[in-house]
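Next, two complexes with subunit A in common: one pairs it with subunit B, the other with subunit C.
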Partner chain A sequence: MLDYYWTVMKTAVMTQFQYRTANYFYMVGMVAEPVIYLVVWSMIAAAQGGSVGGYTPGALAAYYIVWTLVRNMNIVFTPYGWEWRIQHGELSAALLRPVHPLHFDIAYFAGWKLVVIILWLPLAAALSLIFRPELSPSWQGAITFALAIWGAYLIRTMLLWALGMITFWTTRVSALYELFFAAELLLSGRLVPMSLLPDWAQRLSSYLPFQWTFGFPIEALVGQLSPAQLLAGLGMQLLWIAVGGAAVALIWQRGVRAFTAVGN
Partner chain B sequence: MTTEPPSIRVAELRKSFQVPVREAGLGASIRSLVRRQTREVRAVDGVSFTIAPGEVVGFLGPNGAGKTTTLKMLSGLLHPGGGELSVLGHLPQRRERAFLRQITLVMGNRNQLQWDLPALDSFELQRAIYRLPAESFRQTRDTFIELLEVGDLVSKPVRNLSLGERMKMELIGALLHLPQVLFLDEPTIGLDVTMQRRIRSFIAEYNRQHGATVMLTSHYMADVEALCRRVIVIHHGQVLYDGALTGLVDRFAAYRQIGVAMAEPADLSGYGQVIAAEGGRITLRVPRAEAARITARILADLPIIDLTIEEPPIDDVIEQVFAG
Partner chain C sequence: MSLLRLAYHFFRVGAMNELQYRANFFVQLLQSAVALAVGLIGLGLVFSHTSALAGWSQPELLAVMGVHILMGGVIQAIIQPNMMRLMQDVQQGTLDFALTKPEDAQVLISVREIRIWQLVNVLIGAAVLGVAIVQIGDRVGLGEGLIFGVALLLGGLMIYSFWLMLTSVSFWVVRVNEMVNLFEGVYAAGRWPVGIYPGWLQGLLTFIVPVAFAITVPAEALTGRLSGLTLGLAAAVALGLLLLARLVWQVGLRQYSGASA
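And now, the complex of A and B:
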């Protein structure tokens, strides 16, 4: 299986390097979103005497620059991809291979991430020159970050696989996807750092997986989390990977049965 | 004496689909919100056959006859609605790894290669998927590349290849794990004659070397004539004919063709339907039962240089079967 993962990752790296310019422009375009958040929150921090929710403009800059990497690590095979996969017969091809297609997606997108990380470094350097982030992570925080971005990737892979598999039963599920993406945007730390959310939203998000895919990895590097909090965060990521994995296994079994009943 | 079990065994195989039905117009659209109507389409309706190891069988039928549905059930992509089937001793719908490692399904209109990369990289991916030992993989790959004469193409990105070149790569990729059963659904569709011929000879060579069982659907009768001694003809989800390709002509050809060569052009429409006339060479279509009598009349009446009696082209026979 390791050979399979390695080969698929190599395939992804080779494919994505074919599109390096497109990838780069895509990443540069993606920077607009955090820069807007950064500018808005920096202005609020300045208006409130230099900080907001404990974040100084320098800390906010660090948050949103790390955000750009975490955002890219969060890109996985989407439910829209599932629609395409089923409509174009790609799933049939995958079902004929003696390897579960989940492994292909995990490995392929993981390979893509390696390209993303390489492309991100100069982008992060440029943003740092412009926005002057304040970043002094502990070694525990740095290690946790390195693990947590992959944990985030796996949680999101499982969740969006589970969601995407709804297309086994119906191809018109865009509304449900949009609801998921809206909840994720608000409750993950993507729009605002988790500590700036109202109490009720923070309580609600503690029952949901979103913050472990976005806010936690960033805060592991940027925030002042204790070693116990870092470990607990990684534990929560493992828990949500397991929950997502179980959901995928369950839905896959039933979904494939439904799919092979009608075919495509 | 032991008899080798069949590679493929199908008994009373059935598959139906529920298809939504709605009339055109706004009213029908609104009514369908409240009451959705469907009708049952029997795609495969009691199909039975067995195929022995190493046999190459043409699976023929018009569009919508149930060919692809049957192939999908045999390859495990569709659950059968009823009946029994077994491929290499496996129930295909379970899609066990041991089963998937021994079969391949090639659909002429679907691309399974990595579009942006050279085919060699897709082959490497196949090696990893099927966990093929590196040395034997290289040998198999190089043999196939040589057989299909694509040595100068395997390093080009797949997106830069022509349709025919891509199909050659598809076939190589689909056979690298040396499957024992090949389901080939229109493998030569859209290809030029030379390319079709090359692919046919490759399939024949693979069958000969590896003793693989092949089920082939094709709308090109040249494929079937070149590869299959046996054909199964399916229509409206039922088997119309299962036997030798030559027997198909005997059974379904209602007419024969008489080719006549004369020194001077002449009007032979009184003897049968003239289907071609070029100078002194005339081809007549006559009822099968009348062929001998009409031949004798022509020989007696006319100054004939040469005369041949032929079966009609297999395409015509098939067309006639499906039209009936």
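And now, the complex of A and C:
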């Protein structure tokens, strides 16, 4: 199994390095979103006497620059892609292999992430020169961050797989996906750091997986979380990976029975 | 005149085509509603922590958001589909079909496509604007409304010119699809008045990608902030961009070698 992961990841790295310019354009286009949030909230922090929700403009800069890496780690196989997979007979081919197709996705996108992380470094350097982030992570925070970005990646892989597999039964799913992505945007720490949300929204999101895929990894590096909070966060990530994995296993088992092969 | 007639005919055919897929209307409606809700929540969050952003009050920023949605609808319904089609035609050599027709080619490639369901966003943007105007109160009169209309038209022309130039790049570099992503990212910046951004970014949003003229300036007109000088500048830049786009298009067209039919 390790051998399988190694080979698929190596293939992904080589393929994606070929498309480095396209990858770069994509990443640069993605920078606009956090820069907008950063400018708006820095301005509010300055107007409020230096900080908003515990974030100074420097801390906000750090938050939204680390954001760009976490956002990239959050990109996994899209649920919209399942329709294509089924229509084009890709799934039929994957079913013939002795390995569960989930492993291919995890390994392939993980390999891609390695390329993305390398491409991200100069981008982060440029953003840091422009926006002057204030960042003083503890070593525990840094280690947690290094683990948590992969935890975030796994949680999101499981969630979007579970969501995407609904395509086995119906293709009219765009409404559901739109609502899912909107809830995620608002409650994950992507739009604003969690501490800027109203109390009821923070309480609501503690029952949801979203903040563990976005806000938590960033705060592990940028925020001043205690070692206990860092460990608890990683624990919550493990919990959500397990929940997501169970959901994927369950839906997959039923979904494959509902699946009728298309293609060659 | 013949331009309008031509546009009308293409609009009619495009509309009839899309009317076959009525379910798409509801998909679009839902997408727009979700986007609107997210925008309103974002605005609410900002104003739960402050009472004004760079001198703009909440209803005034609501007006900016309305213009952003409205202009976004126009871009998605008319400008972008035509330019994507042009890009594709250059890649595949099928631009021949447009060039051999007895009308001005630039006019023809600018009116061929229409996505009528995207016009939902124009309506939603107008509704948001309406609510904002009611909230702002009697500072908005007929004069402001008139100037707003002019500024909006100028902004639309500038966005069109910018897109045409961007697309004309495909005469030299065939693959420009990634630039579309880039444009969407930059356009999202227009969600807020450009005055809040750092100087270099303001420059970029004003003179490289004319988002400032397309969204902030009309919103300024509506909220009574616009000076005659800025409006004059907008008119001059719009004219300049239109001429420049025409030039770039014509020079680019000479690079086009067509399908080897």
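Worth a mention:
In this section, the second predicted complex is superposed on the first by the 259 of 264 C-alpha atoms of A that agree within 3 Å, B and C clash if a C-alpha of one lies under 4 Å from a C-alpha of the other, contacts with A are read in each partner's own complex, and residues count from 1 in each chain.
As a working rule, contacts are C-beta pairs under 8 Å (C-beta built on N, C-alpha and C of every residue); 3 or more make two chains touch, one makes a residue touch a chain.
Everything numeric here is computed off the predicted structure, so don't read it as measured data.
Contacts of A:30 after superposition on the shared chain: subunit C is touched, whereas subunit B is not. With both structures placed on the common chain, the touch criterion links A:178 to subunit C but leaves subunit B unconnected. Counting the residues of subunit A touched by each of subunit B and subunit C gives the higher count for C.
Once the two complexes are laid over each other on the shared chain, residue contacts for A:22 go to subunit C alone; subunit B is not touched. When both complexes are overlaid on chain A, the residue A:203 reaches neither subunit B nor subunit C. No residue of subunit A lies at the contact with subunit B in one complex and also at the contact with subunit C in the other. The residues of subunit A lying in touch with subunit B in their complex are 3-4, 6-8, 11, 14-15, 18-19, 89, 92-93, 95-99, 257, 260-263. Residues of subunit B that touch subunit A in their complex: 17, 69, 72, 75-79, 93, 95, 97, 100-101, 103-105, 107, 110, 112, 114, 116-117, 121, 124-125, 127-131, 157. Against subunit A, in their complex, subunit C makes its touches with residues 27, 30-31, 34, 37-38, 41-42, 45-46, 48-50, 52-54, 178-179, 181-182, 184-186, 188-189, 191-192, 196-198, 201.
For subunit A in complex with subunit C, the residues that touch the partner chain are 22, 25-26, 28-33, 35-36, 39-40, 43-44, 47-48, 52-53, 174-175, 178-179, 182, 185-186, 191-192, 196-198.
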